[in-house]
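Same chain, two partners: chain A is paired with chain B first, then with chain C.
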Partner chain A sequence: MTTVDTTLRTGRRRRESPLQGPSKLGAVLTVIVLGVFTLLPIYWLIVTSLTPDGDAFTFPPRFWPKHLTLHAFTTFFGNSQLTTYFVNSVVVTVAAAVIAIVVSSYCAYSLSKFRYRGRTAIAYFVLSTQLFPSTLLVIALYLLFNSYHLLNSYFAIILSYSTFTLPLCVFILKNYFDTIPDELIEAAKLDGASQLAIIHRIILPVAKPGLVAAGLFAVIRSWNDFIIALTLAGPKTMTLPPGLVLTYLTQDQSSWPGLMAASLIVSLPVIVLFLFFQRHLTSGITAGSIKG
Partner chain B sequence: MESQRTPFTRRSLLKLAGAGVGAAVTGSALAACGSGSGGTDSGKIGGQLSMATYSYTAGKASPLQKTLDAYQAKHSNVTFNMIPLPFNEFLNQEMLRLVGGNRSGVVQLDIGWLPTVAGLGVLTDVGAQASKLGFLDSALKNTQVGGKQLAFPWVTGSLGLIANREILDQAKVSGTPQTIEEFESVLTEIKGLGKDIIPYAAATKVGDSLKDFIQWMQAFGATVVSNRTITITDEPCVQALTWYKSMLDKGLIAPNIDRTTDSRPLYTQRRVGFYDDAIIAKTSLQIPASEKDLLAATEPVTRPTVGSNKSVSRSYGQALAVLSGGDVTTARDFAAFATADNATVLEYFKNTALPPTTEAASKSPQVANDPWVTAWTKNITTYAVPDPFWQFAQFAQLETLLGEQVEMALAGKVSPQQALQTAQDSMRQAVK
Partner chain C sequence: MSTASTKPRHLSDRQVGLILVAPAVLLLAGVALYPLVSSIIAGFYHQSLLSPDRTFTGLANLRAVLDSGFWHDLRNTLWFTLWATVVPVVLGMALALALNTRLPGRAALRAFFLLPWVLPGVVTSFIWLWIFNANYGVLNGLLRDLGVIHHNVDWLGSPGTAFMAIIVAKTWSSFPWIALMFLAGLQTIDKALYEAAEIDGAGRWTRFRKITLPRLRPVLITVVLLEGTWNVQHFETIYVLTNGGPAGSTTTLSIDVYRTAFSAFDLGKAGALGLLWMVLLTVLIVVYLRVSNRVGED
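And now, the complex of A and B:
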């Protein structure tokens, strides 16, 4: 049977695997090993969250606990303070992500589609701020917000998160805007569109994957941050990362099943977001990486 | 695409940015310098009282809540503004708060942190009040800095060696070793049990607990710090590190061990013969109630020493300090109540197993007859001395510098002599 016959029969050409024999076996083994390394910690997290406190460190370790319990999960949902931390996390993360996307989209559009002196220097300057870890600036931020009586407020945390996520969002969006043909903008101008109309009605709708990718990075960074929230937030505005440490890792005791259950619950929103937007995320991140 | 003309040049943009940043920094610096008003002593109890603490979690029942409730039952016009912070980040966060001008209320402090916080000049001298409340002399001394009583002692204890009597019995060891040679011999017997048992889960990883090694240097006869001069290259220190390394080579201690993440969990798995912990070990080990035999087998033991040297352990304690800003009346009254009111401190002891600091409470049947406290006091607290580096504000940095070199020596990258020389040089540089 020839390839042509196969194609005629099935309506499509069967793809031949580039890997054969030992190479294919090697590839499969590599995937399995990488998969184990990646998935085993997640499996261990889930198993520990279902284990009673006293059994968390039994030896030899069990891959499936002798006794299963949902106590850690019921404790989480029964703790009203954790609900407060959760709400705080949602508020600051959403606000910071929205601000970061809005501001970075205009900045990225300027850097991508306008030509002026200093454009490249500004782009490098924005990117170079990524070299500085946010921890380096925490003390200065604390003193700054303290002097303006803005500590223990959502404003301080949201402003800090927006600031630290902006450079990466600008970088992602600029790369995406670079892939949008200038002819689109020319055509819009010929039709009499203003700059604002071009940005809002043509560029941004086309750049949805880029906006999603930038937004997701901003969400992940803000959702997972510990040190800024610990330093700038008060008891009423504290977010989940420092809140979980306060709740489960005290001076003299650690509740690891409780912490694992909380970590699982807390990571669900981000996982759901990823699943929902994964199609856009891939195209948004890789835009501009291959010259067409 | 045709260039878009902009009204700004690069030069004008940079000038504008520079002026803006300069104004913001100057304004913030001036504002920060202007913060921190002096305190008052109105003589009236009431109002909102701030308390920075690492023993409180909102939404969770804690022993401290009972103390707060007891105080509010006495003074209903007092409300608490709790500032809970994680223990590992507490000193950094609290220093930031104090430098930022938040200097009113009370703050819970580990006694080792007192000199560092006292260096900011924000703690109130409570000597006049504390001297009348019946505190133990040793507890008062632990909370003095530069001759001033800068906090009320809250709980007291020490950090020392703990043995698992079950494992010692399996290794046919009766009694407890008194000298380094006996200790090593016992550890060798335990190693013979096999079964993945670590004879001594000593701290060997840079982190919070490698500073335990300082006690071994002192057990070998080292002074470590004298007249604020750090000396860790003398014979006792080199002998101590050489011995520590030899223990690792013989498999009597294990690499990469930290107290919180390794020693304690391994102990609850019955895989450790000896390890170092504070008097809170009974609660920090989290031994399930179903394993009462392990709890019963857990013994505080005196640290062995070289020759006839006196044993050594490290002082441990917590204190409540009164910050000098705001109205200190309520803060001072609450701190005195929480640390010295008999019923309150005994209730706190019942829930935390942390011994109180007043003579009356210490002699009460509840505390005096507690077998764990009695054994711990006799075998460990009797020999307690403060960490020699606590007298320096940079004590945490000094302990890290020492820990890094000890770890290098244990890994065999440098000799013990070289490691201690490097550590001493960098520590002396740090305190200049």
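And now, the complex of A and C:
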């Protein structure tokens, strides 16, 4: 089939621009305009982070910087409060992602491969929790953790993060498990494997790409969270995103180079993950929505 | 050891299935459903964040918020949701169509365009806070160099422009993933359709309207519903850029609920606002579940 297709296609005259979508010129112009829109803020983020503090307070700003310095970055790592936030971010993100993946694997496997009454209702419930407004949730979570004296604890944040990343992980994994043929499980059952052995020795190893995608989403979601840590964490357990707001935006002396350098530092881990696992991420995003 | 390996086989499939979903359901019930419900129940009480005592006041909070802030918040929330959904969807569609042509370096371009989407939301907000800064911001600098404006504009401090600034920042970070969704949708469309349409004399715009758009409908619906439900509850961009100001012009329900609880410490009013907000969200959620019921049922 494919060979026939290609001969047909190459047999035709080569088109200047494709039939689907805009003309080549239109496409190039769109990419340039949206590219500039995308790039300029990133450029300005990087340039400002390398600007000496004094130069940031001149108007008009220098679009091509004159002096470059790493001062803002060394300041960040010399600030014990900021480095604490950084370590906190790492700790809660990793812990929450591990819990979310373990819990969602079992849940997704059950939703994908078992047939029982209430399964659809449970799937709906899990899916709909993703849409609960976090602003409203954190109010009651604040009271709940407060009454158990768990405010400002890692526990409260980790528990919240793993819960709020669960639905997404479940659906990424369920989509993945759906593609694993039932025959694989039936064969293992005939060989006398227990349910747990089937999950741990057969399903999970096969589902590695799905696990990676779900884990990435869990990590990125928790790492990027703002409102949960802002509400539930104290000075000792605060993560970087709300920590930066508290450090730079609520005090009178704001250092824009400092804030931009800190922004780059908090972005770097997710950018690196994204560049390494791009394929997993993009397939994770589009899986499940491009079925029909 | 032997009990561990033989025990599961005595359980029925139904039991094993339920045991496996139990941890997830318990977590979601305890840390998501319970807080949601209890926040809303607080709306029927007079209750402060600072003290555990509360007295039942019935519909008093509800009446109070309906008389004061709610309609204003609702209008801002819907207005924000509309623009923060439509603008990124249009730009995302444009980018997807452009990237779907045979441009050189498409993979690299796609990765580049996704960068803003990966950045933490606060970082996006910080970047635009700095760009829109009234005194030292680069936007004022560029526009004055180009002669578009002659005096610095306080973008985030004026009611008209603050709203636009928030939409720009929100669009910047969300249109990439929308483009990615459309791009995946575009690649499932059979190219032969376009050739047939061209033979029939259909122009580029007609081909887009009659072939591309109808076939992207499922993706479009998913994207609009997801963006819609996220935007109705969006918090951090508004919180960082304007915190609802100036003069309440960007105060949405999520900002007002948060401030009512954590600045005014009035859990009752926050709960009442939350209840009304949930009514709005439930409509969206029901539509969303209806449309994506494939996911639940196969």
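Annotations
Keep this in mind: the second predicted complex is superposed on the first by the 249 of 292 C-alpha atoms of A that agree within 3 Å, B and C clash if a C-alpha of one lies under 4 Å from a C-alpha of the other, contacts with A are read in each partner's own complex, and residues count from 1 in each chain.
The rule is simple: a residue touches a chain if its C-beta (ideal position, glycine included) is under 8 Å from a C-beta of that chain, and two chains touch if they have at least 3 such contacts.
What you are looking at is a predicted structure, and each value in this text was computed from that prediction instead of being measured.
Partners chain B and chain C, brought together by superposition on chain A, clash. Of the two partner chains, neither chain B nor chain C is touched by A:258.
In the superposition on chain A, contact is made by A:106 with chain C only, not with chain B.
Counted by residues of chain A touched, the larger count belongs to C, out of chain B and chain C.
In the superposed model, A:144 makes contact with both chain B and chain C. In the superposition on chain A, A:131 contacts chain C only, with no contact to chain B. In the superposition on chain A, contact is made by A:48 with chain C only, not with chain B.
Applying the stated contact rule after C-alpha superposition, one finds that A:57 touches each of chain B and chain C. Using the contact criterion defined above for the overlaid structures, shared-chain residue A:274 touches chain C, although it does not reach chain B.
By the touch criterion stated above, A:194 is placed in contact with chain C alone, chain B being left untouched. Once the two complexes are laid over each other on the shared chain, residue contacts for A:80 go to chain B alone; chain C is not touched. Contacts of chain A with chain B, set against its contacts with chain C after fitting on chain A, overlap at residues 56-59, 114-118, 122, 139, 142-144, 147, 231, 242, 245, 249.
Taken in their complex, chain A has these residues touching chain B: 53-59, 79-82, 84, 113-118, 121-122, 139, 142-144, 146-148, 151, 182, 185-186, 230-231, 234-235, 242, 245-247, 249-254. Considering their complex, residues 17-24, 26-28, 30-31, 34-35, 37-39, 41-42, 44-45, 48, 56-61, 63, 103-104, 106-107, 109-111, 114-120, 122-129, 131-144, 147, 159-160, 162-164, 166-167, 170-171, 174-175, 178, 194-197, 220, 223-224, 226-227, 231, 241-242, 244-245, 248-249, 256, 259-260, 263, 266-267, 270-271, 274-275, 278, 282, 285-286, 288-292 of chain A touch chain C. Here chain B touches chain A in the complex through residues 1, 3-6, 8-10, 13-14, 24, 27-28, 31-32, 35, 54-55, 57-60, 82-89, 93, 96, 99-102, 196, 260, 265-266, 268-271, 280, 283-284, 286-288, 290-291, 352, going by the rule given at the top.
Touching chain A in their complex are the following residues of chain C: 5-6, 8-9, 11, 13-14, 16-18, 20-21, 23-25, 27-28, 30-36, 38-40, 42, 49, 52, 91, 94-95, 97-103, 109-116, 118-123, 126-128, 130-131, 133, 135-138, 140-142, 144-145, 152, 172, 175-177, 180-181, 184-186, 188-189, 191, 194-195, 197-198, 204, 207-208, 212, 218-219, 222-223, 229, 232-233, 235-236, 239-240, 254, 257-258, 261-262, 267, 270-271, 274, 277-278, 281, 284-285, 288-289, 292, 294-298.
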